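Presented below are the structures under discussion, each in the form of structure tokens.
Note that chain A is present in both complexes that follow, paired respectively with chain B and with chain C.
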Partner chain A sequence: MNKRTLNHPKSTTGTSRVDGRLKVTGGAKYAAEFNVKGLAYGVLVGATIAKGSIRSIDSKKAENAPGVLAVISHLNCPKIPGYAAEPAKAPIKIFYDDKVLYNGHAVALLIADTFERAQYAASLIKVEYNAQKHITSLKDNLGSAVAPPSDAEFKKGNPDAWQSAPFKVEQEYILPSEVHNPMELHAIVARWDAPDKLTVWDKTQGVKDTQSNLARIFGIPVENVQVHSKYVGGAFGSALQVWQHEVAAIIGAKVVKRPVKLMLTRADMFTSVGYRPLTWQKIGIGAAADGKLVGISHWATGQTSTYEDFAESPADVSRQLYACANLYTNNKILSLDVGSPIWMRGPGYATGTFALESAMDELSYQLNIDPVELRLINYAETDPETGKPYSGKSLREAYKMGAENIGWHSRPKKPGSMTEDGWLVGYGMSTGMFQADREPATVKATMNDDGSLILQTAVSDIGPGTATPMVLIASETMGIPIENIRFDLGDSAYPNAPQQGGSTIVSSVGSAVYLACIALKEKFQQLIGNGGTDKPDYAAVLKQHNLVKLEVVTDSKAGTEVDKYVMYSWSVHFIKVLVNPLTGVVKVDKATCVADSGRIISPKTARSQIIGGAIMGIGMALMEETVIDHRYGKVMNASFGDYHVPVQADIPQIEALFVNEPDLNINPLGAKGMGEISLIGMAAAVANAVYNATGKRVTELPITPDKLVGWGELS
Partner chain B sequence: MEKEKNHSRPVEESDVKDNSRRDFLKKSALMTAVALTPVAAAKAAELHIDERIAGAFEKMPLNVEINGVAHNLMVEPRSTLLDILREQLDLTGTKKGCDLGQCGACTVHVDGHRVNSCLTLGIMVNGKKVTTIEGLAKGNQLHPMQEAFLKHDGFQCGYCTPGQIMSAVACVREGHANSEHEIREYMSGNICRCGAYPNIVNAIQEVKEGGMAI
Partner chain C sequence: MKQFQYQRASTQQGVLEAISKPGTKIIAGGTNLVDHMKHGLIAPDKLVDITHLPLKGITPTKTGLHLGTLALNSVVSEDALVLQKQPLLSMALKAGASPQLRNMATVGGNMMQRTRCTYFYDTTMPCNKREPGTGCGAMEGYNRMHAIFGASAQCIAVHPSDMCVALAALDATVIVVGKKGQRHIPFTEFHRLPDDHPELDNHLAKDEMIIGVDIPDNNFAKNSYYLKVRDRQSYAFALVSVAAALDLSGGTIKKARLAMGGVAHKPWRLFEAEKFMEGKSVTEETFKQAAQIALQGAKAYEYNAFKLKLAPASIVEALKQASGLA
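== the complex of A and B ==
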């Protein structure tokens, strides 16, 4: 791929999504859109206290309302076979007992024959509670944090070295809770086909995981659970586990002996399907006058629920990003009476990088060294944590490409020194990194005698456009046009694939597609015999041998290279902001994002993924924050009207650039992930640009106008 | 109580086979509503005779043209246009993203104007023409806006996409697509969490500048 073509602004280079036509015509069906015969509708009732127990549930009025089929709660819930074997710390066991674990914890499910009737009748259910004193504030309870089950502490050299450095920054950071808020509300249609046979149309990032989890919970054989999840309307991590509403709908379907559809409300999305945890961090970082880092110490405490020890280890990035002899990281978690967090785009790294890259920026101004230069001075040639070589790293090139694109070297260096139309102008940058994994995956490839190639695997697609790179890989490997190739996904009947999370799919499933195609070609070679072409007319060969098809099932996984190398994808974000000196409003005016993701297979979808992550990063920087009223332990801004995400008017054109250097040490394609790195670092880049514009260092996200007005001499 | 109900098929007025019941409804719906005081209604509910009575007088006729097809439906007055499309007519291309008019995923055209179908009761579109994403293409020939969204990759997961496209078509027709800035302002009611905003702007600009009849 020609780099110039690939990096053209407003590029339409590359293949359009192979499933795009269904998405622009309304033909793609998402979980709640399977209106199966006999469907009934479920609506959940959430607890209105944060901790305590249910004293009583009066559902008489609801049960007598038109169309109501059942009201299910802990009072009448059938025994769920898998609940007894659940460990002490586990996802909520819905309708298991009278305990209330957080404000919003589902305490009853109403099922009726229409959605309207279910919604109305659910409002008639009266629940009384015995409330206990709850704790929902992280800031007020930091002293109670404890070590997570793993990855608590890391030491290399002297943990206090930063303190004695001639130049040092000691700073605390707060990253609020953020909610994934995919546009598709979480939903499930559950149908029992027999007492031990279950079919679900579900929103999930891992059909195989959902299949095995549901089999375990309901005590039925794995092969008796069918999971369909062909189209997923975004997730960003929120569909990485089986949630209470999925189990509730399945219980409901059993009770009313009809299929049940259950779609969460937007308000439920803030309480019942996880979030990025509110996290307090502290960084101590020191450098010599020449910019060489002397030591980095990083402490992080993130919130979790009382029933699960969720930890995302935000401090880890500080022992992985820069060459430094003295490193210390310390991760803690704090249990609160809130729902459990879950992985959200760039987990751990998005949070940790905001702190580390803000601190690096602050240090650069102290040292009077250009922020990019400071990063190059401390560029890690080998992994600072283990000393191992990288599988591939072209981060230096990424810095260069991004700086050139945005005009970094002609920017105003002194904070508050430039204005455009009365707005203060500022430039900022940040690095991002995320592990590049390759998970086991299996692909079935079938060549038919009409020349069509069918690829099947149980991966889901939450939006990046998985099928498109897969078809491109197969097309190149087999030497047939993409129109002849179909990639089937999102069905538990297909061979194993990992969850779509952690930026692993092209590396994992793409490699499996590649290897399956190689294996299929070898089978054709065996038919043809010696001397045949590498890319024959497959249909003709099949007909010649009186075969209707030829198929292979190929496993793919990482090998010993994982012991030899450390593997990361890298990103660099450059931002130009405008800040209104009177109102404190921040506008992102320009954004350039450079990805070092190995080889780019599908330029059009890759570009969109980078832009999309960057936009979510702008939301993280400027507007996203879940607010809890601690008197009630309740989320107070559970709607798009109150919890702001970026809209069109907030977003400029964004330049997505690719280094496009294959990393053949990780997989045969040389491709690495980009879903996470597109976001990781964005918030720091924006915050650093705001500092450059105003001289005000905001360390508590989001950077709302109230944090900038009245900053004195610049107004 | 109805045990089996096929939701993939809309409830058309002609489906109500019991003519005497329908006549009864037409003639005396108001009288019945007045006569059934809350106490009487509650009593009826306790005796489990609520279903037939309530089910009958809860519904009203809705005559509407959707994507060029005339529908004579019986709907509850509280049913939103969005839920009628998705749950009764199986037109699931129109999406539910918030049910509060805050995200735009449910955008459809009513008599040519873009509206949030989640904030529109079904009975409000009686006698009107509704166009959903399913009615935009002419057979196999995509609408220019659909083509432009494909070319510019104006989506990822695809869930907000029908609403974006319906809104985009209206944005151009309204004359609100004269600059990138103007497009951004007039497309800000449609949230895209995957972040396809710049690509959406580029798609709309191409359609606008192409001067195609849309």
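== the complex of A and C ==
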């Protein structure tokens, strides 16, 4: 891919998603759409207290309502075999005992013959509680935070060095908790085919993980569990684990001896499938007059539940991004009477960069050094944490490309000094980074005598259009048109693949596809013998040898390169905002996002990834926030009317640019992930632009008009 | 779910008869009513669908413009007469909800829509409006969207409509009909403050229906503006909104109309501030002083204190836009 065409703003270069048509025509079938024979419908009842125990459950009225098949709770739930072996800290064990661990914790499941009847009857169940005093506020309880089991503090040099630097910033930041709100609600259809044989159609980011977890929980052999999840209507981490509603539907199907469908409501999405944890952070950063960093210290405390120690370690980025002799990071967690958080796009780094890159911006104004220049002055040539070389890093070029594209030179040097049509103008920028991994993956590749190539692996596609790059890799490697290639995914029957999460799929599965194709070609070479062409007419060769197909199953995984290098993808975000000087309304006027993520395999879907991440970042910066009424420990904005994500009107033209420099140290394709980096750093870039426009630094997201209106206050 | 009857009315008389029985609700576009049923806030025995009555018209009268109660929000906002005579109304309508919703929503339904207070919507929470006597969940809870004017110890909710803010500013009149005949209610007196009866949003009697709204002609068309400040650029309720309409002669304000949304249990007309501006010249200073007058008596709660700043700032911005000073 030529760089000029790849990065042209109006570029439509590249193959469209191979499943695009199915998705926009309704041809793609999602978990909740599998209306198997004999289906019954489950509806969950959530606790209305945040901590305590269930005193009684009166389900008489519900059981007598029309169409009701069962009401299941801890009072009558069949034993779930795997629960006995669960460690002390583990995901919720549904219907296990009378304990209520948070407001919304599912306490009963009602199953009826139609969804409407189930919903109505569920509303008739009366649950009485013995409430205990709960604690749900992070801000009021920061002092009780502890180090997570997995994470110690990190020290390099003198942790207090920043304090004695001639220029320094000390600042606290709050990132509110953000809820997973993919378009598709979490849903499962569960069917027992025999007492020890289970089939589920489920929303999951990893069919193999779901398969093995369900086998463990229900005490049946792994091969007796089939998981189908061909299409996923978006998932940003919420489908990385088996949740209580999945176990509930499966146990429900056992009780009523019919398949059961259970789809969460939008409100349930706020309590039942994790979220990005509300996090307090503090940064101390110091520099010399020439901009060279003297020290960075970063403290972070994120909320978790009482039953799991979830930690996303946001402070880590401060020991990884800039060259600096004195580094200190300290991650803590605080247990509250809330549901557990879970990974969410750019976990840790999206939160951590908001603090670090806001602090860098603040420091740049103190030093009177251009924010981009300050980053270049402190550019890390080797990993500050380990001293190892990078597998590949072209971040310098990314800064340059982004600055040029947005017109960085025209930014107001003095905050609040530029207007356009009465609106204040501001420019801001930020860096993003995320580890680049390569996980083990296996692909089965079959060439048929009609010339079609079938690739199979148990990866999910949570939205990026995974099949598209895979087909492109195979097409290029085999020398056949993409129309002749089919990529089968999302089924536990296929060979092993990692969960789709952490931006690893092109690197992991893409490499496996590539290696499988190479192996397949070698098999053909063996048939043809010496002197044959590298890309023969496969169908003709098969026919010639009286074969209907030729297949290979190829494993792929990382090697010793992981010990030699540290591996990251990088991003740079440049933002122009307009701020109304009276009302404090912020409009993002332009966004330029540059990805340094190795070779770009599929330009069109890559561009979509960047645009999607940028939009999510605008939401993080300007609107997303979960609100809890601490008197009840309950989320009070659990709807799309009250919890805002961006709409079209909030989104400007977004330029997605790519450095497109292959990183051949990580995998044979030279490609690294970009799902996370598209988001990571966005919030800081917007906040920094708002500062440049107004002179007001907002350190608690989201930047809603109320946070800015104060400075435009009437005399 | 609870079964209910559905009746399609073909005459006004039919509607009046139907609503004289308890448990019967009028349904127009259904965009608010059906939500209430889904959330379990109401469970009517019967719905009477009025959308087949001949009340869709937007017609000129001797003194102004008449909107039938069934005129769709989208149709009114694009109507040539409305755009020519009352552009403020069009702006306010377009600032509300989404195109899909405006295609269903009616004039009467918009007026009758109920508060968006999250405690009102959550049946596990106390709420005097939903269940009188249970207390007000918002008073000491998450009250960022709530009132700064005219609240009571019982309820601090706001009326969520944009359209109504414009109609209040434009001196409109509501025409309602009941068994005893028609009544004309000044728009500013249609909705009510919560006082001791937060369960009542307005002065429409249980056995009455709205049939339309009259808007008198005026000289505001050239200098009106509807400003809606919200958490995102579209599809969000107002933090505060301002309907500003000016009748200017040279640089002098002959007449002014000013109303706010998102600040009270009803569209909040600012008579004092209007009076202050009349005869004054068009300057930012005039607008600032008007904004200060407008804010007299405002009272905030834990999470909505910002409205004490945002409301005056928005008044100034709206007046600047309306007068062309911006």
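Keep this in mind: the second predicted complex is superposed on the first by the 710 of 715 C-alpha atoms of A that agree within 3 Å, B and C clash if a C-alpha of one lies under 4 Å from a C-alpha of the other, contacts with A are read in each partner's own complex, and residues count from 1 in each chain.
In this text, a residue touches a chain if its C-beta (ideal position, glycine included) is under 8 Å from a C-beta of that chain, and two chains touch if they have at least 3 such contacts.
Since this is a predicted model, take the numbers as computed values, not measurements.
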{"item": "Residues of chain A touched, compared between chain B and chain C (which is higher)", "value": "B"}
{"item": "Touching partner for A:E116 - first (chain B), second (chain C), both, neither", "value": "both"}
{"item": "A:T265 touches, of chain B and chain C: first, second, both or neither?", "value": "first"}
{"item": "Touching partner for A:G252 - first (chain B), second (chain C), both, neither", "value": "neither"}
{"item": "Contacts of A:K587 with chain B and chain C, given as first, second, both or neither", "value": "second"}
{"item": "Partner chain in contact with A:G284 - chain B first, chain C second, else both or neither", "value": "neither"}
{"item": "First (chain B), second (chain C), both or neither touched by A:V647", "value": "both"}
{"item": "Contacts of A:M623 with chain B and chain C, given as first, second, both or neither", "value": "second"}
{"item": "Partner chain(s) touched by A:G295 [first = chain B, second = chain C, both, neither]", "value": "neither"}
{"item": "Partner chain(s) touched by A:D706 [first = chain B, second = chain C, both, neither]", "value": "second"}
{"item": "Intersection of the chain A residues that touch chain B with those that touch chain C", "value": "116, 120, 639, 641, 646-649"}
{"item": "Chain B-touching residues of chain A, taken from the complex the two chains share", "value": "10, 12, 16-17, 19-30, 32-33, 35-39, 64-67, 69, 113-116, 120, 180-185, 231-234, 236, 258, 263, 265-266, 462-465, 604-605, 607-609, 611-616, 639-641, 645-649, 651-654"}
{"item": "Sites on chain A touched by chain C in the complex", "value": "48, 116-117, 119-120, 123, 422, 580, 582-585, 587, 622-623, 627, 629, 631-632, 634, 636-637, 639, 641-642, 644, 646-650, 702, 704-707, 709-710, 712-715"}
{"item": "Complex contacts: residues of chain C adjacent to chain A", "value": "1-2, 40, 116, 118-119, 121-122, 124-125, 137, 140-142, 144, 227, 229-237, 239, 288, 291-292, 306-307, 309-310, 312-314, 316-317, 326"}
{"item": "Complex contacts: residues of chain B adjacent to chain A", "value": "1-8, 42, 45-46, 48, 50-51, 54-55, 58, 76, 78-79, 83, 86-87, 90-100, 102-103, 105, 132-134, 136-137, 142, 146, 149-153, 155-162, 165, 180, 183-185, 187-202"}
